[in-house]
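Once you've had a glance at the structure underneath, I'll fire off some questions.
Order of writing sets the chain letters: A, B, C, D, E and F. Residues in each chain are counted from 1.
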Amino acid sequence: MQHLSIFPILIPLLFGAIMLLPPISRDINSQRIASVVGTLFLLISSAVLLYTVNSEGVQLYALGGWQAPFGIALVADKVSSLMVLLTAFLAFAVMLYAVAGQDKGGAYFHPLFMFQIMGINGAFLTGDIFNLFVFFEVLLIASYALLIHAGGKQKTQATMHYVILNLVGSSLFLFGLGILYGTLGTLNMADMAIKVGQLEGETATLAKTGALLLLVVFGLKAAMLPMHFWLPKTYASATAPVAALFAIMTKVGVYSIFRVYTVLFGEHAGELANIATPWLWPLALLTITIGAIGVFASPSIKTLSANLVIVSSGSLLACAAINSEEATSAALYYMVHSTLASAALFLIADIMARQRGKAEDRFVRSRPFVQPKLLGFAFAISALALVGMPPLSGFVGKIMILQATQSSTQTMWVWPLILLGSLAALITFSRAGTTLFWRHNGTAAAEAEPAKKLEIAGVALLLLASPVLVIFGGDMTTFTQQAASYLHDIHASAYQLLPGAAQ
Amino acid sequence: MTAALPALTLFLVLSHAGDIFQGERFQAAVPWIPAIGLELAFRLDGLALLFAILILGIGLLVILYARYYLSAQDSIGKFYAYLMLFMFAMLGVVLSDNLIQLWFFWELTSISSFLLISFWGHKTDARKGARMALTITGAGGLALLAGLLILGNTVGSFSLQDVLDSGDLIKASANYPIIVVLVLLGAFTKSAQFPFHFWLPNAMAAPTPVSAYLHSATMVKAGIFLMARFYPALANTDLWFLIVSLTGLATFLVGAYIALFQHDLKGLLANSTISHLGLITLLLGMGTDLAAVAAIFHIINHATFKASLFMAAGIIDHESGSRDMRQLNGLWKYMPYTATLAMVASASMAGVPLMNGFLSKEMFFTETLHQASLGSLSWFIPVLATLGGVFAVAYSTRFIHDVFFNGEPINLPKTPHEPPRYMRVPVEILVGLCLLVGIFPSLVVGDLLFAAAGATLNGPAPTYSLAIWHGFNFPLLMSVIALIGGLYMYHNRSHLFKFQAQFPTSDPKMVFEGVIQYLVNKASRIISMTENGSLQRYIFCVLALSVVMTASSLMKLNTTAGQRPEIPLDALSITCAILLCISALATVIWHRRRVVALLTLSVVGLIVSLAFAQFSAPDLALTQLSVEVVTVILLILALFFLPQKTPKESSPRRVVRDLGLASLIGGVIGTICYALMTRPLDTISTFFTENSKTGGGGTNIVNVILVDFRGFDTLGEITVLGIAALGIYKLIARMRLYMPSSDDNGLAWSEDRHPILLAVISQSLLPLALLVSAYIFLRGHNMPGGGFIAGLITSVAIIQQYVAHGVEWIKTRIKLDYQIMIGSGIGIATLSGLGSWVFGHTFLSSWFDYFYLPVIGKFELASAMVFDLGVYLTVVGATMLILANLGQLTTSERPIQKEHD
Amino acid sequence: MPFYLEIIICVSLLIGGVFLLVGSYGLVRLPDLYMRLHSPTKASTLGITGVLLASMIFQSHLKGFLSIQELLITLFLLITAPVAANMIAKTALHQRTQPVEKTKNPELIDIVRDRESPKQSQHEE
Amino acid sequence: MMLFPMPFHSVLLFVVWLLLNNSVSAGHMVLAAFFAITIPWLVSGMRDEHPKILKPWLAIRYVLMVMKDIVTANVEVALLIVGPIKKLQPGFVAVPINISSDLGITILASTVSLTPGTVSAEVSKDKAWLYIHALHLDNEVELIESIKQRYEAPIKEIFGC
Amino acid sequence: MLSWTILIVAVCICAALILNLWRLMKGPTVSDRILALDTMYINAIALILLYGIYVKSALYFEAAVLIAMLGFVSTAALCKYLLRGDIIE
Amino acid sequence: MEGLYAFCVGLLTACGIFLALRGRSFSVVIGLTLLSYAVNLFLFASGRLKLNAAAVLGESEQYSDPLPQALVLTAIVIGFAMTAFAVILAMRARADLGNDHVDGTLPVSPADTAQQSGGKP
């Protein structure tokens, strides 16, 4: 399939547009069917894409027939197609959950969801830095709109903060892009990677400022300290499917950091080699720290999951700072794992909150659940995965990250933080679990609604991923290692993508 | 049913026993996740066999026992599931031949034990006890992981066999102390070694079968197993000896001491377990091969007598309703058979001859005597060991005397009686074993012990004799002292109890919870300090970080100006710059008078457009102008619903701080901007200039870039616009706004809703504006213009109608569904891109050609125009969806709810 | 460029420039809003017409054919300037902006604001 | 009429299109005609009923006259502005009008604004009075008379109301 | 000659713009400021056309048309706001 | 000219950021608008300034860099969409939270505290 690599962008885009048109726009049920079908298509095409990339190598897609570096090119390599498949899987599972009823409570949930996916996939696939900006904006604006889904004061306020911070971030993004274009004269990331190496002297200094501004922007998306403040409230206030979908959002920032600071400003960048590391390193560690503290302080599951997202971001950023193939491989595995696990937890938190009456998902004594066994099982699985305890995928990612630290200084900092972070999560989860499931008064609330079948199916899909990631951990890690070595190999990740590039 | 699986497994394991006794070792490995060193690797050697037999054998007995122990309300299925899970995990630990896999199962034991301890989760004790156990063992597990990873990295392999074979390498490595400490942390926490011992008594909130199984025979032994397993790799150094044996000694004494003062039967047993675990640890720490043998032997013995004692305690609890030794008295009368069994087991615990406990304790005493690692202080160890023995005898005696004799029961909830037949069977078997081992040691466990010891030492086991009688020697003397001293101590226990009562008792549970709560509070304080909910602070952080990052690298810029010649200044530009700067500053100064700020902002926008025009960007000028107007209209709309003035609320200090940051960033950005502009640049843009006409079919290069070279950006851009409109619609749909009845001066609004002149003129302007927008649209490809600007012009023209005539008037006259416009706009743009697929080109490949028609002449058709039409429709649809819906907010008729609820 | 064309262009440009300046000068100089309203609506309209005329001639010469696009701008301005002035006047009246004291018929102001008819109000008096 | 719901606008649009494109080529004629038909057709719904121009030639004469007045007005006003301000005698004037259509009133008001020294400030609710502000009010009655004669009368005649 | 004239006219327009700005800053009423902005739009049109003559290009014409059209809309909207608060009602 | 241009960009940035740091949604929106002007000018300048060089074939002898112009166009549109959303969100926040403070809660102003602590005579 010649056009395979653009499917992950076009499918959600077309489905989103069609859902704005009659007759589908008039009826929620047909929108639901369209959404599920759309995400299923997306899942299939993403899987085929990954398979194709794995068997045939990188898929380049020159939009409009204009070859890079002049036109915009999509680059489906192992890294991006993995992320796209992850997004598709997440989207499908979350959509199953959403169509059970959470999509009500506001207009346009389905088209917005589709556009959000489109933005995320676009950001993963694009090989052009300005196009990356555009897709960032697509996913951001869709996320703004989804955040306010189903209304409420907290949502409004959290959205306000999120929107304005990101507007500032977008401005910085453009400043950074302007500087990079003004020094490199090109926008294609592969072309930039090649040209960066030739920069010297003051032009290089200028380019560095631009690169660092981009780091701030990506750091903001990835919730890097001190720019993580927006995350807990934003995620905790979002409607469950939205929060679950947001689990991938910080990963977009992390992914961009990997793309930009390993390919563009990696080993080969001459004077600008590894410019992000001195900043990423301390900030990543501090992010893990504040995330772990946040985990410890969390009063409710949603906040807990949000803080876990921060911890995972910090861990991924630490991998980016280590800047080695092993670290990147670890990050890729961990990214897949933590995205799905935290998404599942957001959904479970929602089901729980709906069954506990006023107590919602807070760690206080309350009425018992309507479906204690089901929820307990789901909760336990997601908790184990997120804490990083065997037999679920968290431990693999954790060990990979630990193993990726190379110098003893790195080990000295990363290991205690990651392990203590796990301990904080373990303690909080055990406190949470025992309180939520065993500290009861009264009987199950009459108005509490049990989880619907589709909701369970969505959660189950997400949870199932975790053991699968362990069982097929060997294949999975082989894949991430290949993907990582591709990313770190400038000849593969830059020179090969430019038909006319001088070697 | 449940028992079938363990029984089968036990059978399988035992079927290999013969070979193992011959010194064989079974190993099997399948690769799993090589990236983390994990492979599916199992080994069955003497040590593994010993533990497997313990786990499966006692497991079977516990399954049988639990069948009678649990009440009808308890879900026995759940219990068995957890138990099987635990059994599986334990087997995994002992059979692992890979470090990571070992840890994998190690953590599984923590999890399954958490589930078992909290089986009665409705009880506070159970929840807290389980949490504590999980926290301690979990923390230890993490330390263990770190230790194993370093160990594996040091050896270069995660295969257990490789590790065991590289003892010298490990001990020579600089990492050795770290490895030892981390691995031992894992072991000590699991085996409840001092100072981590406190979780074990609190884990007694679990059902008794769990205690019997986990907290005597198996889980707590996992830590011991770990030390035994890594014995060849890590032991036999001074560091090992110091840490392990001293910890073991301390645990041995502390456990024994505390056990004596427990009133709860299970509490006594738990602390006695701690003490015995300490004993084994002490043995493992000593570093001699014989000590290791003694340790292994005691593992077997402790498992048998302690499991039976727990079961007996469970029977007592079950049949009398209490475990409090102050209530329980004289049960001999009610359950003599059980009492007998318990007495035998206790005797073993106390180390009475003819019992298995005696044998291993003798070996223990022997080893303490041969210990010289503490130099001249080595005599301490046998003395303290004997003291521990005294306490052991004392609490064993208490267990028997205080429960089965010592008067009549007090206020028992139930009248005690013998348990059901089959509930006793497991106890009988275990007690029988105690005796059998005690009397015929080498016959019963000789082979097993020998194989296990060999496996532990990763070599041949030393020579030892498993005899009941070794003649009169020091160990025997120590045993005698312990027995007599223990009985004496028990007899005079009231003094001791009084002595103990002076000390304030502290419930470790409360302390632990208190510590956790303290940490949680601290954490909450930190979080609420950092995430204080102030957006301004968040923005400040982002900006401060970016300024620190950029400024730090900008410092290295020696000269700001580059080589590129600058354009000379002219009066016009200076005037415009003055206008721009003054207006911008005025906007800042007057930002609290909102309407005025809006006016000055408009000036800024106007000048920016002029600047674009001046510097050869007519398209930008046009776009900026039209966007500017729509933005201002939007802001005016917003002004009505927002307060019209801003109160003054920033403190001078904050103003200065913000001014500082703002000017710093402004300075940085200005500097970079200047530095960039004055340096030459080699760009890819010549390609666009060369291919615009030939490849894109248009002379307006910017537009060709927008709809062709980088049409994908534009597709994204209109999607953003469309999404924004949808989002805004969502925002508006549930908005309930304040509508001021007067302006900020308190003046009532004018009554003239639609000024006549404005209304009439607007109607005339509309067709003209549409024509202009058609013009701009059509010429866009070749001249400044295009779908976006055309769309905005159309929108502004329609908005003008709204302003002049109001929503109601428009509603009756115009039937446009803006949502459909957005959808079809995005759809058309996408489809125009998909069209190229038909011709085998990539998405958004453009097509254009020149045609000739009579009369009309030559004209161009291009797919880019279809794309641009999509842009146009989206822009109009989005802008109008926003503004028209916003306008409807104040009309008497609320917006039609398109919600799906 | 032929000299006569250049002259015409220069003259119209100068007229335009001067009138624009005068219009803006009046905006600064005149004492009250109602009077200021006159200067941009008129002086500036003529000023812009001058510049437009010059531009028209110049562009026609440049392109070699009659370029009268600029008439469109004139058309727009002629249509919109009076309405803009009217709206601003209405706003000023609504906001109780007082004219200079020497203004004739000051009693009309309240009537104008309320859009009453003068005789009617006189009757009521 | 179905084809040209707004004949005046159609003509205007046709001309303006050619103006915009600076071309009278056949292709642009066709396009101009196309827009002259489609745009009025599109927006005809968005209109109140307005009187038709009954006397187009008079209308053209009126436009030319106003043009001339605009030039004089501008010169006059310019002189007033740069001249001594103290001598200026501003004032409000109520002009009675008896044009019934909104379009007529608007045209009158616009004309007044564009011509010597006067700005239309307001139209009374009953549309019987046009309030104007004069920059220099010598003779109120004369001003009213000149407005009525010079502008109101032809407008009434053009639209026949 | 033309270039000199352009210079003079440019100075005139610059001066006019500065005067507009002065009125915009001075006020005193919001109506004054709106009037100043409206006049500024007209001067900006003149400026663009003059620039077009200066650089001998017709590319800037549309910008002038747009200012003429859109400037009015924003003036009208601002006035409507001051009159009625809600500009689309 | 470049210096003047850069100065203006810097000033706009500073003004925008200062306003974005104020507490009220309207000020923030105005500030972000100013900031986006600065951003657009900056991005535009990354292609270097050229006079009389519009990127339209046949209209000038040399052409300014068209690529940043196209980028700025995209940025303007996106900025517009974002600003629009932010404006309406500000209104929604006022409706939901009762005030227009970006934090949704009114800070205790120094004046108020002074009044409270200063005590009444």
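Things worth noting here:
In the analysis below, contacts are C-beta pairs under 8 Å (C-beta built on N, C-alpha and C of every residue); 3 or more make two chains touch, one makes a residue touch a chain.
Keep in mind that what you see is a predicted model, and the values were worked out from it rather than measured.
Chains touching both subunit B and subunit F: A, E.
The minimal number of chain-to-chain contact steps leading from subunit B to subunit C is 1. The most distant chain from subunit B is D, comparing centres defined as mean Cα coordinates. Averaging Cα coordinates per chain places subunit C and subunit D 14 Å apart. Subunit A and subunit B have Cα centroids lying 16 Å from one another. If each chain is reduced to the centroid of its CA atoms, subunit A and subunit F end up 28 Å from each other.
Each chain gets one centre point, the mean of its Cα atoms, and the points for subunit A and subunit D are 62 Å apart. For subunit E, the set of residues that touch two or more other chains comprises 10-11, 13, 17, 30, 34, 59, 65, 69, 76, 80, 82-83. Within subunit C, residues 23, 25, 37, 39, 45, 63, 67, 69, 72, 75-76, 79-80, 82-83, 86-87, 90, 94-95, 115 each touch two or more of the remaining chains. Subunit D has residues 16, 20, 109-110, 120, 123 in contact with two or more other chains. Here the touching chains pair up as A-B, A-F, B-C, B-D, B-E, B-F, C-D, C-E, E-F. Those residues of subunit F that touch subunit E in the shared complex are 51-52, 54, 56, 59-60.
On the subunit B side of its complex with subunit E, the touching residues are 571-572, 575-576, 578-579, 582-583, 586, 595-596, 598-600, 602-603, 606, 609-610, 613-614, 618, 621-622, 625-626, 628-629, 632-633, 636-637, 639-640, 739-740, 743, 749-750, 752-753, 755, 758, 765, 769, 772, 776, 783-785, 789, 793, 796, 799-800, 802-804, 806-807, 883-884, 886-887, 890-891.
For subunit C in complex with subunit B, the touching residues are 72, 75-76, 79-80, 82-83, 86-87, 90, 94-96, 115. The part of subunit E that touches subunit B in the complex is made up of residues 10-11, 13-14, 17-18, 21, 24-25, 27, 30, 33-34, 37, 40-41, 44, 47-48, 51, 59-60, 62-63, 65-67, 69-71, 73-74, 76-78, 80-89. Considering their complex, residues 1, 6-7, 9-10, 13-14, 16-18, 20-21, 23-25, 27-28, 33, 36-37, 39-40, 44-45, 47-48, 51-52, 54-55, 58-59, 62-63, 67, 69-70, 72-73, 76-77, 80, 83-84, 87-88, 90-92, 94-95, 97 of subunit C touch subunit E.
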